[in-house]
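Take a look at the structure below.
For reference, chains read A, B, C and D in written order, and residue numbers begin at 1 within each chain.
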Amino acid sequence: MNTSSTLRPASLPEQDLAERFQTVRERTLDLVAPLSDADASAQSMVDASPAKWHLAHTTWFFEIFILRDHLEGYRLFNERWPFLFNSYYEAEGARQARSQRGLLTRPALGEVRRFREYVDQAVLTAIPFLAERCGELLELGLHHEEQHQELLLTDVKHLFSCNPLGPALWPMLPVSMVGDVADSGSAWREFSGGLVEVGTDGDAFAFDCEQPRHKHFLNPYALARRTVTNGEWIAFMEDGGYRNPALWLDEGWNWVKAEGIESPLYWRCEDDGHWMHFTLAGWQPVDSAAPVVHISLFEADAFAAWSSARLPTEQEWEHAAQGLDPDGGMQFDGEYEVGPRAASDPKGLSEMFGSVWEWTGSPYRPYPGFRAAKGAVGEYNGKFMSNQFVLKGGSFVTPRGHMRGSYRNFFQPEKRWQFTGLRLARDLT
Amino acid sequence: MNTSSTLRPASLPEQDLAERFQTVRERTLDLVAPLSDADASAQSMVDASPAKWHLAHTTWFFEIFILRDHLEGYRLFNERWPFLFNSYYEAEGARQARSQRGLLTRPALGEVRRFREYVDQAVLTAIPFLAERCGELLELGLHHEEQHQELLLTDVKHLFSCNPLGPALWPMLPVSMVGDVADSGSAWREFSGGLVEVGTDGDAFAFDCEQPRHKHFLNPYALARRTVTNGEWIAFMEDGGYRNPALWLDEGWNWVKAEGIESPLYWRCEDDGHWMHFTLAGWQPVDSAAPVVHISLFEADAFAAWSSARLPTEQEWEHAAQGLDPDGGMQFDGEYEVGPRAASDPKGLSEMFGSVWEWTGSPYRPYPGFRAAKGAVGEYNGKFMSNQFVLKGGSFVTPRGHMRGSYRNFFQPEKRWQFTGLRLARDLT
Amino acid sequence: MNTSSTLRPASLPEQDLAERFQTVRERTLDLVAPLSDADASAQSMVDASPAKWHLAHTTWFFEIFILRDHLEGYRLFNERWPFLFNSYYEAEGARQARSQRGLLTRPALGEVRRFREYVDQAVLTAIPFLAERCGELLELGLHHEEQHQELLLTDVKHLFSCNPLGPALWPMLPVSMVGDVADSGSAWREFSGGLVEVGTDGDAFAFDCEQPRHKHFLNPYALARRTVTNGEWIAFMEDGGYRNPALWLDEGWNWVKAEGIESPLYWRCEDDGHWMHFTLAGWQPVDSAAPVVHISLFEADAFAAWSSARLPTEQEWEHAAQGLDPDGGMQFDGEYEVGPRAASDPKGLSEMFGSVWEWTGSPYRPYPGFRAAKGAVGEYNGKFMSNQFVLKGGSFVTPRGHMRGSYRNFFQPEKRWQFTGLRLARDLT
Amino acid sequence: MNTSSTLRPASLPEQDLAERFQTVRERTLDLVAPLSDADASAQSMVDASPAKWHLAHTTWFFEIFILRDHLEGYRLFNERWPFLFNSYYEAEGARQARSQRGLLTRPALGEVRRFREYVDQAVLTAIPFLAERCGELLELGLHHEEQHQELLLTDVKHLFSCNPLGPALWPMLPVSMVGDVADSGSAWREFSGGLVEVGTDGDAFAFDCEQPRHKHFLNPYALARRTVTNGEWIAFMEDGGYRNPALWLDEGWNWVKAEGIESPLYWRCEDDGHWMHFTLAGWQPVDSAAPVVHISLFEADAFAAWSSARLPTEQEWEHAAQGLDPDGGMQFDGEYEVGPRAASDPKGLSEMFGSVWEWTGSPYRPYPGFRAAKGAVGEYNGKFMSNQFVLKGGSFVTPRGHMRGSYRNFFQPEKRWQFTGLRLARDLT
């Protein structure tokens, strides 16, 4: 595949791009520092991948789509590895079955690190040339890696949650998670709607699915000033929310019954009736003031019905976020936190970015005029546009610089191992 | 449940309502006339229901939501039958498992006919009172029964297709299905889009999910003048459409591989390379000029990709259908046909109603401002609004009077035992 | 296939054979007399077959292995039906999938009756010739049909049990099922064992798997004088038998947990704590004195462990039954009973034949020197000799003349829709 | 649990026991020496366990059944670990699900090694006391560990076979596997049968299921002098053995079709038509003279049918093995070989011990008079006595001292990841 004729150069200056490349690549290594080779090789369910696989797959992305396709004379690190680390790109041929990634105990973690060094050096050496020739792909590769940073954390969390010893990835930070923020003023922020624009057309990086910018008509609506908290969720549970079919989508109710769902993922009720949940710091008490997290779209939708409200559409959310700084709030670039914090300022629209991914009621479908990227990277987004719902915002482990208002994250409605929460909406007419 | 306080009277005059009631109820009986007790009791897959069950369930709907809830002193035909014939209404309590409907060899078909007579007489006797008090529900019951008429036919077709003897429900009509209509002029009809209105607010009957009427912004677009034909589908197949992952949604591709899909449902290739398909008149040759039918959303979407086009959105389709007569074209009120006919007039927008249900690219989600009906009938539509796609138009076995532009039919994207086809769309910018 | 060169003539005189043929064939029709076409066409689970299928399959057996193979000029009733009614004979080619037998709503019950008449007339006309040429197969066909008579009843019982209306096949006989036989004397009958002979070598009919007669060494052992009763089973249940893994085979314990087994099949606990069970006469109270029935090998084995006893081996059982009259006890040739009776005489070895099939601890494997029959009928028994356990005796619906001491019935250890019970054994050393 | 009152002292002198303890325990560590922490932690299928788990489980066996139960004042290494490393002992309470053993990335391999040291020291310190008080259990623990040594190798082999890189556990020994031994003289060894004795009653260690010694009657029979070779298996394959249902047990044929079985496990056909197979030294050419291995009982039974022979019964095999030295042939105490060798001397009964486990046609059921051991260790064998077949002999990786004629290994008939082959038998009458 050679797609260079249609590729844009990078939107960043060459030096910034090199720095960003190093920063992003190093952060991934930082994340796996606490992991043993065994920790990094295990796969706890088919949705999750081993940390080692994330390390290698993100590297494969640069090696294949940038170095192999655009750098003449480049030699693959190992000719047999692309089979191992291709995720889902049909155009790149056969690959290790997704459910069998945890059986790749070889190559060892150390060998994968050497693969990263080999590719990093090749990229950095050629970065002026690559920035010009396929800069768009380089930026895509970095955003791809940032997505996998969050996935890596959700996957390690899931793996550790399956271990009866309940290991912690990180220590608990001294800052208490237990707060109790009193709401003040109205809980809702109102919007008049009308013919608005959503999506992106600008020069800054965005995935293909965020394009093109287009008009959309909105009725007047209101958004909750903050996301739903654990305390509110416990009220829902205590009111029989998980046992009342009238609140649920039909598929959701079947899922609740078939899976025996009674609380968010990772929650466990102690003998004294208090709730604990598994975090990146192991088992911790549930903080009633913090946003609820690890819920499915089905649960979010049922909670909204119980609240006589609804989920926002992705357009309502994006319109409301205009003017907010995606780099405000929690940002994954300093201390490693183990969960979202209680809302800092519930007077505005609080924590729209960097707290929890917020489920919307919008199925993930192409924007009007959508065109998938050319070549194998065209499989990045477009082919997943069925039976998925859009999430907006970003979580406490979404890296700084990765969030923006037009971002469209997506998962199937029953998934909940990601850092997913919700914010209510309602009609104003 | 007593919802009468909020119910509207019927939109039809009382006498018309009585006549319509009798017409609709009799048509259902006509449909099962060729069936034995065994034919009417079998269930060929979990998506399908026995014909006898359709007869009884539609009657249960009138008995429960109208007679029991609104007619004082009404006595159930049999107290144990509501358990058998409730479909999915959680508010109506426990019920026979959907997958076990084919085990209800008792009550016999004759007993179910008596049940229908008993309920019909009660409704007709009280129709002036009922039209006033819960006329809206009476009309809902009739539209509900019309939906089940089409379902009954699709389900019998599936059952008979499983029988190696290939029985026919109806004889083949003398009118040949084999035509060859030459297209003339442009294949596309263009629309300028803009801020349009869709949905219904009027007095005529409509399901809750078609409401409220609301504004929607459309880019300029074009719709194909006719639906895709069997001949075009064969070209897709011969070009390797079912073997090329680049054309498919990821879920669709997994479905193709897992199920070994190679053609529309009910198709079979003869030794000489010609295609036969199973119809309501048994095995018949495929007519290349007739619309393709029994395809999934996944197949429709892949065909559109292969055609460098896309599926229309439901709003595009509905906007284009404004001004067309839903009672034109094929109507299920005279002779019983066994498949859709070749397009009669491909110069306009041909066969928008009454040929095949047309897949759109729109997930079935609530309209802005949607409110589910009160009470158990509120479960009619709203709870199915996940992982389903909207279909528009109506098929050759949709009864006259049941179709309208705002109608939103819906099925999961892999389903294809319904009479489902497609019409292409494309952007004009 | 033509196997006549090796076939023995019938062991019965020609006239007796004709009479027996008519008697057996008529009894099958008697059994389905209370069934509607729908009742006779439904399949309630993959282990069961529709009554209509039993009627046709037993006829297919005569048509294929006798008329087609041995009667020159015979024409099949319908060339397409062998595909429908072959059960599992690979040598006879492709066939309707076992799980799809309930979808054969055509041919109708009446057509299947005509098939039976056609074949019966052909057999009876040619019986002198057939008795000489392939008499062995004619007798096999009759024993085959007798097996299907019992299967037909177990399958109808299962089907009716799935119907919430609980229909009855037969009325309850006036003879009360509720008895209370006091045991007298020792509960055990002792045998000294030694080198004994089991199996059959004689001239009377026997299946291939009962041959050849051979020596087997037995340690001294005792058999319970009667089978385990419902009352004893309730004691097992009340003592936590279904919740104590120490009593169960590992596979059995996994089965109990996975299926949520808490009682024999068809049992239901009323609000007042009394047990009801579904019978051929609908729901009836459990008679504590009657033999327990509808239990799996796993349950039988766990009960034996709880009783500090064990199941007998098939050789112990057969040796103990020598000298007993298989035609004594309950025989399925007069009134139709709906369950096994309480033991009539618990002083001897009571009800060894004609009460319930008795699980043994012997896996169903070939006897030393076993040779399967030649041709397709060689698939009758031998290929099922894995993961099945032998049952001895015969139940209250096993036809008179079908039981004998050497008979080896067999089912998988988790099956319990047959009329299966148990008798305890223990070592005497 | 305290079972000491009924326990026998060890059958070995105290000093020999200590030496044997150290030898066995060290051999297990030797086996995992080539493995990384990731290799040792992965689980490739539910039948297999991680190597680390084998290391810990065998240690748990000593800690629980010997140290905790018999050594006053013993403190568990870690109170939370018994949950992790109990395999299937219901009497020992809840435990990690079998299918989730590969998720135990903690404790790390190093911690498990420390666990072994801790337990080994406790055992060795107290060995005089323990040998007297529960010596029988100590010996059981060592035989248990020897079983797990072989399991560990089969499980690592399976894991490595799932890796497209095809890693080797051991290097290929310089001794060629490719031989071509010409048979000489009769291929069969004849036995006159009669009333023989099988099982063990002696003082030497044996599992409970090998007891008691008892009489069994055998007809005259013959055993093949050597096991079936790869060359013979290829002839079976080339003759359509995997496509001919007449050769197969019904369950076996369903398994072949459902799983798409076409050759022994680990075989792969090269483009040039030659066969390779995966070994403990990675992918190697198939040696036609070496015994076939990694076949199921179903395959063994079909091969025997194709050969107009049968599988031996376990009693025939054991009787024939009387007088042979179980410590002859291949023994797993020197160089580590990667597969069974071609028969050294096909004139006698060659390689009865130490080549491949030989499937018999005998279901694994209790011997007459069998009593399971008291306490939790009574779950060792008895509860598995359904749907398993007995294997005799021992493979090339069964440790020296672990094999004996009365040994009854057992697996389900479809399993083939163990080192399983076959030897033919036939009747002599």
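Of note:
We adopt the following convention: contacts are C-beta pairs under 8 Å (C-beta built on N, C-alpha and C of every residue); 3 or more make two chains touch, one makes a residue touch a chain.
Please read all numbers here as calculations on a predicted model, not as lab measurements.
Between subunit B and subunit D, the centres computed from C-alpha atoms are 60 Å apart. Work out the mean CA point of subunit A and of subunit D, and you get 47 Å between them. The mean-CA centres of subunit C and subunit D are about 38 angstrom from one another, to the nearest whole unit. Under the contact definition stated at the top, not a single residue of subunit B touches 2 or more other chains. Chain contact topology: the protein chains form a single closed ring, every chain touching exactly two others.
Those chain pairs judged to touch are A-B, A-D, B-C, C-D. Residues 88, 90-91, 195, 214-219, 245-246, 248-253, 297-298, 310, 361-363, 365-366, 368-369, 383-387, 413, 427, 429 of subunit C touch subunit D in their complex. Those residues of subunit A lying in contact with subunit D across their complex are 36-42, 44, 52, 80, 83-84, 96, 100, 102-109, 159, 162-165, 167.
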